[in-house]
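One structure coming up, written as structure tokens, with questions to follow.
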Amino acid sequence: MIAETFSYDVAHMLAGGMLLVSFMLLYQDRMYGLLNTFALHAFVLSLSVAWEAYVNQSPHLYITAAIALVLKAIVIPTALHRIVQRLGIHRTVETTVGIGATMLVGIGLVALSMALMLPVTDAVDPLARQDLAFSLSILLLGLLMMVTRRNAVGQVVGLMSIENGLILAAAGANGMPLVVEISVAFSVLIAFMVIGIFLFRIRERFDTVDVHVLDSFRGERK
Amino acid sequence: MISELFIQAVQMLAVLLLAPLLTGLVRRVKARLLRRRGPSILQPYRDLVRLAHKEVVLADNASWLFRAAPYLIFATTWVAASLVPTFATGLIFSWAADLIVIVALLGSARFFLALAGLDVGTSFGGLGSSREVMIASLAEPALIMVVFTVAMIAGSTQLSTVSAFMLSPEVGLRVSLGLALVALIIVAIAENSRIPVDNPSTHLELTMVHEAMILEYSGRHLAVLETASSLNLLLYVSLISSIFFPWGLADANAAPLALFTGFVFYVVKLLVSACLLAVFETSIAKMRVFRVPQFIGTALMMALLAALLMFVTRSL
Amino acid sequence: MNLLPFDSLIAILVVPLFAAVGLAALPGYKSTARLNVLACFLSLVFAVSMTLDRPATGVLLFVDDLSIVFVILNTLVGFTTSIFSASYIAHELDTGKLNSTYVRFYHATYQVMMFAMNLALVSNNVGLMWVAVEMATLTTVLMVGIYRTPEALEAAWKYFILGSVGIALALFGTILFYVAAVPVVGQGLDAMTWTILIERVSAADPALINIAFVFLLLGYGTKVGLVPVHAWLPDAHAEGPTPISAVLSGLLLNVALYAILRFKLLMVANGEAIAPGPMMIAMGLTSLIFAAFMLYPRRDIKRLFAYSSIEHMGIITFAFGLGGPLANFAGLLHMTMHSLTKSAIFFAVGQIAQVKKTQNIDDIRGLTVSHPVLGWGLVLGVVADGRVHERVPGGDFDICKQSLAGPAAGLRIVTCTGRPAGQNGQYGLWQTGGWTGSGGSIVFPDDPAPGTGADGRALYPATDRGVVSTCRDDAGLNGGATDD
């Protein structure tokens, strides 16, 4: 059975590893731990995409893997580290719901995405199938992370983990043209620029990046 | 038939005799790592003999359960330890060596221990029992999920079949197995009252879990309980090595030389795991009690994830 | 017949790009404003020229009847907004809200945004369309936050987060569509090319494209401002510079809707996939009703019109969801009119806010007396927004007529229940009522006569009666045809 071959096993291991790191992201409660775990997330992503490139003989995916490695595993976490240091952002990341409950909901979301994606993708090859199922789980876990974080940096990390899941899906869908690589790199660059600008500005204006403080400026009262 | 019974009896005796040795070894290595000379490896044997000669001191309000519990705990743990393959698979009682049976036996032992801690009515006993049950409420589901994952991979919950499957080349590289291994190790640490969950050598009652439950015991009861906890440690080590590191396991019908080689491998595995456990215990600190659920919760999550990932592979 | 020496399709993309580079480099405010206007005008010219000489369908770019409408509308509103922004930004410079570096940045980003929107409208590759929509989103995020006040930052942050999540969902939907198309079309660019997909999608796996469409509807629906994923819209409109509010309302919402429409066409082409119509109808109606209720308590003028945009996009989505030639025409017409009138309203509102130095409705009074052109202009704009397009044949009445004809009997009850309390009458009542209630006090001076409150609320019953009577008129106009 195709699913039992070595190449599938490695891909499964890497994608499962990404899912595991997504869970690790959920229970981080310190800023530096969060950023380091995100760097690990991007690193496992780059390994996964590189393996995909090797198995499917699509050399353009090596570029994606390199972009993920350099930009998302190295540059962005170090930049965020510096921003955190420079702005003196509060070192702990508050969550709105307890960690245990978040984890259980996370498991539920993973089960949901498996139940959704696996029956639907019958005609697709096993590697792509499991990549799609895992990437939807990572996407949902990233959304969960954005919802349960009160800190702007935490929300941005959640957003970037969603992007990582999407890169996994795009790499898994065989033969998707270079357009996706460009878009992926592009979104990374722009997001980085926007994050940098906003975090500085938010800190300037509010002395904090706790987004609940932003709530007092919510315009719905007007 | 006779030889099969004999081999099974050898296993039963071997686990009983090797258990205090394992405990002594862990203590010795820990002491060495802390730059102490440490007690001799055979010290636990001497302790047990000494305790056996001592008089039993019972509280006035101790019930029959208090007197019977040590033997019940010892019996269930010894049976469970004898069932897990140590040097050979396919022993005569291996049809009963089902993972779920092992979990159930350990659960019964824990049940009696918790009751015994509550029996005399001291506050420390109650404290120990409540903590033990809190830990168990997370560790046992994690253990069950590990069992499910392993069973999904190997196709059976019977330990001999599982070990045989893990030895064969069909097993492949699986992230679910890795996750299950980590989860099982965490559960083992929790169930054996090791650092970071519980300090086995503490004398401060407020930090105790296991020790608090057996605080009132003395004499031969205490000897039996100490043996039981050593057997528990040996059981978990054997379980992990027979599922995840089954190399060296002989078949029960093999030649005596193969069986002996299997035994040597087993002793080596014990030594290695004792050293690893000692290193691990020395390198981290004990957790505060309210953090323990997070720690074991991680094991539960990993085991759940392992089962989910296995399910994904199966459906493809 | 080749009017121009080069392809006008490429031109509408290249012109904004070059202009952006130029605008980032040039220092003076006047010259950059003029260059901005010129670039937009050139884009408009090229867009119109495409009607005369339809470019060939390429692998990455193509133009068909649907995109022509959108492109011309896009460039037209871009052009008018650039004229408005020239004077508006001059005023902002004078009051010190922006400095010259930010103005350069603003103009350059404006052209990049126009490029991105044009690219989204003419792309044949669904992945490229996604890239363009993302680029447009990100440029508008930057521009919404340009004032750097706390409210602006909050609005921009919200827009960024919600917009990015929407874009992420849309990308997942796009990837799923590709995966569904691969067994039918083969790997590579072909499986992402719309013109090829529309021919072959009937052989694709319906279950997979169902899921894909749900993600796409939610993802791009965030950008359209459909309830419940609309939360960024009021803040972004209220806190950004008014030209950006005009562009968001008039253009970006349309571009996102265009993306949804492209995928809706694919879904319809595959007979076994679930009908996308009911989903769009549901979201459209929810947006309409929700926004209508949310309109009333608003005290900020730009926020008021932002909710009106949500309401209009709800109606347009509803119309496209109904499907059929009449409703599609109605949707396109409504969309065109909405873009034109909403941007006009925002131009007026922008001037008002600058003149009165506030966006708070309670502080803006008696415009027809103090600034007659602005005041009456706003009145015209509001009336146009609320009523005119209904009177045009093929307007919203035809949406109801369409639903009469089909099996959408249930919809008929909801939408056209009796006149004048029917959907159009009611909607008109809500909309116009919302404006006359608070808007009346904006434009008409406080009447010191006894019996009327200082906030002009006495005007409300009079205009209300006027509205109700016009509803009855409409019922008379279309007498027999809409009788149940």
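When the chains are written out, they are named A, B and C in that same order, and each has its own residue count from 1.
In the analysis below, a residue touches a chain if its C-beta (ideal position, glycine included) is under 8 Å from a C-beta of that chain, and two chains touch if they have at least 3 such contacts.
For clarity, every value in this text was computed on a predicted model and none was experimentally measured.
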By number of C-beta contact pairs, the top two chains: A-C
Ranking chains by how close their C-alpha centroid sits to the total C-alpha centroid puts first chain A
By CA centroid distance, what chain is farthest from chain A? B
Taking each chain's centre as its mean C-alpha position, how far apart are chain A and chain C in Å? 31
Distance between chain centroids, defined by C-alpha means - chain B, chain C (Å): 67
How many angstrom lie between the CA centroids of chain A and chain B, rounded to a whole number? 38
Residues of chain C defined as touching chain A within the complex: 125, 127-128, 130-131, 134-135, 138, 141-142, 145, 148-151, 153-157, 160-161, 164-165, 167-169, 171-172, 175-176, 178-179, 182-183, 187-189, 191-192, 205, 207-208, 211, 234-235, 238-239, 298-300, 303, 360
Give every residue of chain A touching chain C within the complex, in rising order. 116-117, 119-124, 128, 132, 135-136, 139, 143, 146, 152, 155, 159, 162-163, 166, 169-170, 173-177, 179-180, 182-183, 186-187, 190-191, 194, 197-198, 201-202, 205-206, 211, 214, 217-220, 222
List of chain B residues in touch with chain A within their complex: 170, 172-176, 178-179, 293-294, 297-298, 301-302, 304-305, 308-309, 311-313, 315-316
List of chain A residues in touch with chain B within their complex: 2-4, 6, 9-10, 12-13, 16-17, 19-20, 23, 27, 99-100, 103, 107, 110-111, 114, 118, 126, 129-130, 133-134
